[in-house]
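Just passing along the structure, written as structure tokens.
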Amino acid sequence: MKPVSAEEAIAMIPNGATIMVGGFMGVGTPERLLDELVRQKKCELTLICNDAAVPGRGVGKLFDAALVSTLTASHIGLNPKAQEQMMAKRIAVDLVPQGTLVERIRAGGCGLGGVLTPTGTGTIVEEGKQQIRVDGKTFLLETALRSDFALIHAFLADYLGNLSYALTARNFNPVMAMAADTVIVTAEHIVPVGVIAPDHVVTPAPLVDHIVANR
Amino acid sequence: MDAQTLIARRVALELRSGDLVNLGIGIPTLVANYVPPELKVFFQSENGLIGTGPIPEQGMAHPLLTDAGGRPISALPGACTFDSAMSFGLIRGGHVNVTVLGGLQVDAEGHLANWMIPGKMVPGMGGAMDLVTGAKRVIVAMQHAAKGKSKIVQKCALPLTSSRPVDLVVTDLAVIGFPGGEITLLETAPGVSVAEVMAVTEADLSIPDKVPEMQI
Amino acid sequence: MDAQTLIARRVALELRSGDLVNLGIGIPTLVANYVPPELKVFFQSENGLIGTGPIPEQGMAHPLLTDAGGRPISALPGACTFDSAMSFGLIRGGHVNVTVLGGLQVDAEGHLANWMIPGKMVPGMGGAMDLVTGAKRVIVAMQHAAKGKSKIVQKCALPLTSSRPVDLVVTDLAVIGFPGGEITLLETAPGVSVAEVMAVTEADLSIPDKVPEMQI
Amino acid sequence: MKPVSAEEAIAMIPNGATIMVGGFMGVGTPERLLDELVRQKKCELTLICNDAAVPGRGVGKLFDAALVSTLTASHIGLNPKAQEQMMAKRIAVDLVPQGTLVERIRAGGCGLGGVLTPTGTGTIVEEGKQQIRVDGKTFLLETALRSDFALIHAFLADYLGNLSYALTARNFNPVMAMAADTVIVTAEHIVPVGVIAPDHVVTPAPLVDHIVANR
């Protein structure tokens, strides 16, 4: 797979697209793709990610530029701009327990019909959701999540598209790489095929659509 | 000893060798400082790490090794990393022996509210709902009262974090548990009387005949 | 050319560069032999490998690198391994572009039966139900008839593998598809007439005006 | 964690226990633990594993010794003894699609209430199961699986219990290591703490209860 430029990769994304962005408080986030989203002013985005990061960092840049119209995340408390936009109802925010969020994305990527979880039962999270009884216990049915695009950041990518991640920068990236129609990847290093040992590949190459060249 | 240190030291006594422990932000984070080194506790950071170590020395941090707040941490020998699906598989699957979390309110049924104040603070629940629902043992570490108001209430006014009751509450004044489902004063802080605890507690505490003092 | 080779060669023409492909046991396994090397196809082995290569040379096998039948295989440069949860996440999540499976019966609605003969052969479905339900495209590679009986039937008598219809059936006599949901003769094998196919097919095949011969 | 002997490890398992055993056609199976199960004649076992392997190999040994009373697996076609015992109704066999099987075990290990899957709808697999409609599609509710013991084989184990696996010997081992009350592990090599890089650990140490010493 021949790497593309960040400009070409982001040009594929239309306004109004649903995007998943890997990262946890900006760690393991494809910063270059976010910079390019801002430069190309892709707006009315539906964003699915763990958190809103902080202004100036990671997905925080998308709130700085007011590009997000809908956000699904587990935590936005450390980004005052995202909070402000939510309170002013300029963005619709769906707050989801972090484990439920990652499992919903995994369900979307793995062809499952949803997630049955006790998390959220008896709290405001259960509102409007199907409840399913299994063996005398009650579970919420949380629906599967998918997106048009996933923007992924890896530590190593090879030219086939195999990915490995480093330390706590792995987080949501591997599940999101399974749950989007088009998967766009940046990596700290793009390496020749065979450099990543088979046992150390976390995201198999066939899941990746585009690798963005390092400059 | 200040209130936070007292709470953290008392909570630390609850941990056992081999435990997988998840500490929330705030006071809970301090607990790690008071675990004796001979106790082999695994600390999990829910962003994808077991084996968190102390804050790295200046110049020895790495931007891809952080805690759940995005701040640099270190990893001990034998640490391991994983994705968020595994991290919450561990949490929701009951593999976390103890989670220690901050609280806004705990009520007489052991219900915890710690993630939002409607109309005022809506940061999102992060991993808190999963931790309270999934961990084997849930300990709340918090001040007993805030701005003169008891945080140990008869019934939570704030939105609950989980329908699953917590197991233990450690405050600067008391240790509170729920033996037989009844909210009970288990210990008082050094120099604090049972009457003093009752005076600043909204919930109807059950008081055993003998209430020992925290041993820390 | 024998029947199996013919079928495998014809199926190979369906694969595209970049495809993730899962081949079942039997005739489907042979398909890999007829994929031109310039076509970069990823072959998955559902026991946990993408990038399967040919049977290793004598003395160069490893007991921990095997196919789904437990036989030694090789891994190409760029191969990757994973656990069964990931393997079936790929299969059930629609990430497998093409699966090629053997069949006992395919019926007029495209339903496949390939995993049991009640009272006689009950080996278990292994990954077949997941593959037929989850793969983007399902191709059945099988003999047209067995012991003189058509395997292309009007309605499967054997237990179904999935309620999801297959996309293409390639036999030693014909290529059969389901355009508009109608079972249709798309191609005949070299030297086989439309009449001959119809004579050995139980299902009511729709026959277009022009039925080309397989180009292999 | 101080390694125990295979004798001690298997002595913990009572007759009638439910055990999960890692491996796929005998690859990645803890052979020494199975040999010891046979030697100690642990019987009336409920066995959960991918397949019945072949006689003389992997879980095949348990059928050779007639120790299994109930089997949950996806495929037993290559073990004539298991087939024979099933046909003679000496063992009760629940055949489960492989993807459903691994996902049910994962659900058991991850605290989920079950699995919602389209696999098996409209086939005999759906018999007796709840069907759940989500967004107009029908899914089977497949229940979570757990066991008393999981017998796991890793490539590397360190003395804390961190595990990594090699090539196709990974298969069901990582999910089973999450879904049992007691997890017993053999490994090709037991290595000092720190030898397995954090990013290469697949099963975190706290999941492992006992490591069996290599002789």
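Which chain is which? They are A, B, C and D, in the order written, and residues in each are numbered from 1.
Here is the rule we use: contacts are C-beta pairs under 8 Å (C-beta built on N, C-alpha and C of every residue); 3 or more make two chains touch, one makes a residue touch a chain.
Every value quoted in this text rests on a predicted model; they were computed, and no experiment measured them.
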| item | value |
| --- | --- |
| Where chain A and chain D overlap in contact partners, by chain label | B, C |
| Gap in Å, rounded to a whole number, between the CA centres of chain D and chain C | 29 |
| Euclidean distance of C-alpha centroids - chain A vs chain C, Å | 34 |
| Approximate Å spacing (C-alpha centroids) for the pair chain B, chain C | 55 |
| Sequence positions of chain A contacting 2 or more other chains | 103, 106, 110-112, 117-118, 165-167, 170, 198-199 |
| Chain B: positions in contact with at least two other chains | 49, 75, 81-82, 88, 92, 133-134 |
| Pairwise chain contacts, counting only pairs that touch as defined | A-B, A-C, A-D, B-D, C-D |
| Contact footprint of chain A on chain C as seen in their complex | 18-20, 42, 49-51, 75, 77-82, 86, 88-90, 92-95, 97, 134 |
| Chain A-touching residues of chain D, taken from the complex the two chains share | 103, 107, 110-118, 130, 132, 134-135, 137, 139, 141, 143-144, 164-167, 170, 198-200 |
| Touching residues on chain D, where the partner in the complex is chain B | 106, 108-112, 158, 160, 162, 178-179, 193-194, 196, 198-199, 201, 204-207 |
| Chain B to chain A touching residues, read off their complex | 45-49, 62-66, 68-70, 75, 81-85, 87-88, 91-92, 121-130, 133-134, 159-164 |
| Complex contacts: residues of chain D adjacent to chain C | 24-28, 50-51, 53-54, 73-78, 83, 86-87, 95, 97-100, 102-103, 106, 117-125, 155, 165-175, 202 |
